[in-house]
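Below: one structure, written as structure tokens.
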């Protein structure tokens, strides 16, 4: 993973991805009322009762942050985001929002952006390490 | 991914009617995505069972817990302590998940609540279609990405058979004939030569229990103490 | 000579061959087969003994073939890929050949969903094309599918089916070429009603010179009634029954529909005799065996060459 | 049976209090200003057209109910960890935007403090509320109808045609 950590963040690439989905994502991020009703629909929140597992929290603190900074995020921010969207979420696409916000697509876009910068979810068992 | 369908309520109910404390274990992997065994299905099943038992004037304790995936040991760790205070488990995982759960808790009575159907795709919400039979020796390169083993009812490698008619399989009007589609796609791509020669008889490699260790992990598991799974 | 069977001799001598079809009974009923065989004896050069047709359980094809053999009728032993894997197939071929069966038909077979055991497990270990290659390898190379030597190779005369009307139409000729490359010696086509389509198909076959490499027998089923014609049109997979045929049968009153069917069938046969590249006719008169003599006679195909003087 | 199950799995089934209060609150947000006697009188004076309206006491009681509900949601936002973690300053700011018009309206009716200044604040607060619909999360007022019935997933009321 060393090579990936040195490589600078390709902001242009991120921005390209952001603008591609801009119409949908900006609207979704804007009209989330932070009511927390999506929490119970996420089995991980149910199991751990920890607010960082609330679907809206995951979306806002990953994609929300990237959009707010218009793609100019540094590697540390992506690394912080990594746990949120790769470990705290299995993308089972079952989070329910009473307003109909499509949370899975937001988290999956955040994942795609992270992956495009060499930031991947590290699974509990080390992959490829003999 | 693996697709499954929830078992009829009555069938599940008869399985657990003699137990007082039941835990329904959901799986948030493929089962959640194909709406068969995720957390919401666990709750739905539990509610239905509770209502149904109420009619029979018995009220067993039925609780639910969903894990990320029942097919990975570390996600079952959480259940180690919980399982003691139940007499039976209902697993809403696919065939693999439920066996892993049963293997993990050998003295617990574990019952399936879903029928695993096939490895398939999500055509749309609630509409699933088979794509792969895991035959272990993929020929999709030669058939333009359409699998003769799964999509052809007679597993032909030199189709189409005499029975295909206006594009659908003789077996069912709604099932397209795989070989007609293969022919069309290869023709469009100018690769018709792929299916002009006789495809030789196949070695079916999936006849014994499928198990393998990746090269880079050979050393890790070669020591005597863990021969195969700890059945 | 590949197998020295009566059918092979007739075809190689260029005589217009006639093959029939006989469905074994749904019971251990020796007389049923003998009775049917009696009708066909001397009327056809060889008779297909079907192998659990439409996936409905019947007496085994090899058993039916042996009984036909005892009755002095040369059997075409049909084998489908639905019920046996390659081990069972090879051992059946050895057994059948040892007891005198010389002609074989390699078919994919109807899917078990049609039959009386719709949810039995399918085999389809190898498909009809691979079966043809296997039988050819056993005969010509004297080897099993896994290349091991066979002590005494079975020398079968290999037959296969072809559906000139199946989908996709333009690929059918390629598929026939594949079957010939695989090792088919003679081909029995799907039953023909759409004569124009068949003529077109035969033209393509002739243009590719396939008729030099294989004997093609045109398949016909005489229509007994309008009900049967409609049924064939609607429910039988791979069957192309044009409206004119339906109208012709409809045009005649009930009692005479059967003879009209036979008349039409004989017209077809006459045309096949003249047609370039057609080496014979395959008369599928299932459950109508007793009318075969009448049909064959009316189509002026009698007398059939006597096996003895064909040496 | 099926109804009981889907009810149990619905938002109402999971959080009865929040579901009822939020529905009540949203109804009040709409009906209170529209059917308030005072507003209709103003309407009548300028366009001599008026709608049905509550009696003054009913309007007053409903406003009190609204303020209580609003307070409940503020407390929920602060106390409940899962909501607190989600909250941003904009959420509290929007809470005030929504509450001030009702609060000042209530005070105008009661003529607390100097009626004129409170009235002006009430009018400004009302306008601020309407303006802020497009700038803050209040735009869920509009997008709710676009998103809720179009999502293709299992939670939409309609068949759901949108698969973005």
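For reference, chains read A, B, C and D in written order, and residue numbers begin at 1 within each chain.
To be clear about the criterion, a contact is a pair of C-beta atoms (placed from the backbone, for glycine too) under 8 Å apart; a residue touches a chain by one contact, two chains touch by 3 or more.
Quick caveat: nothing in here was measured; it's all calculated off a predicted structure.
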Mutual neighbours - chains that touch chain A and chain C alike: B
Which of A-B and B-D has more C-beta pairs touching across its chains: A-B
Intercentroid distance (Cα basis), chain B paired with chain A, Å: 28
Chain C and chain D: spacing of chain centres that average the CA atoms, whole Å: 80
For chain B paired with chain D, centre-to-centre distance based on mean C-alpha positions, whole Å: 47
Whole-Å gap separating chain A and chain D, where each centre is the average of the chain's CA atoms: 30
Multi-chain contact sites of chain C, meaning residues that touch two or more partners: none
Shared-contact residues (touching 2 or more other chains) in chain D: 153
Multi-partner residues of chain B (each touching 2 or more other chains): 40
Pairs of chains in contact (touch as defined earlier), listed by label: A-B, A-D, B-C, B-D
Residue ranges of chain A in contact with chain D within the complex: 24, 27-28, 30-37, 39-40, 45, 51-52, 54, 56-57, 60, 93, 96-102, 105
Contacting residues of chain D [partner chain B, same complex]: 1, 4-5, 8-9, 152-154, 160, 163
Residues on chain D engaged by chain A in the complex (per definition of touch): 11, 14-15, 18, 22, 77, 80-88, 91, 137, 139-140, 142-144, 147-151, 153, 155-156, 164
Sites on chain B touched by chain C in the complex: 153-167, 170-172, 177, 180, 183-184, 192, 196-202, 204
Of chain C, residues touching chain B in the complex: 81-82, 86, 108-111, 113-114, 122, 124-130, 133-134, 145, 161-163, 166-168, 171, 174-175, 177-178, 181-182, 190, 237-238
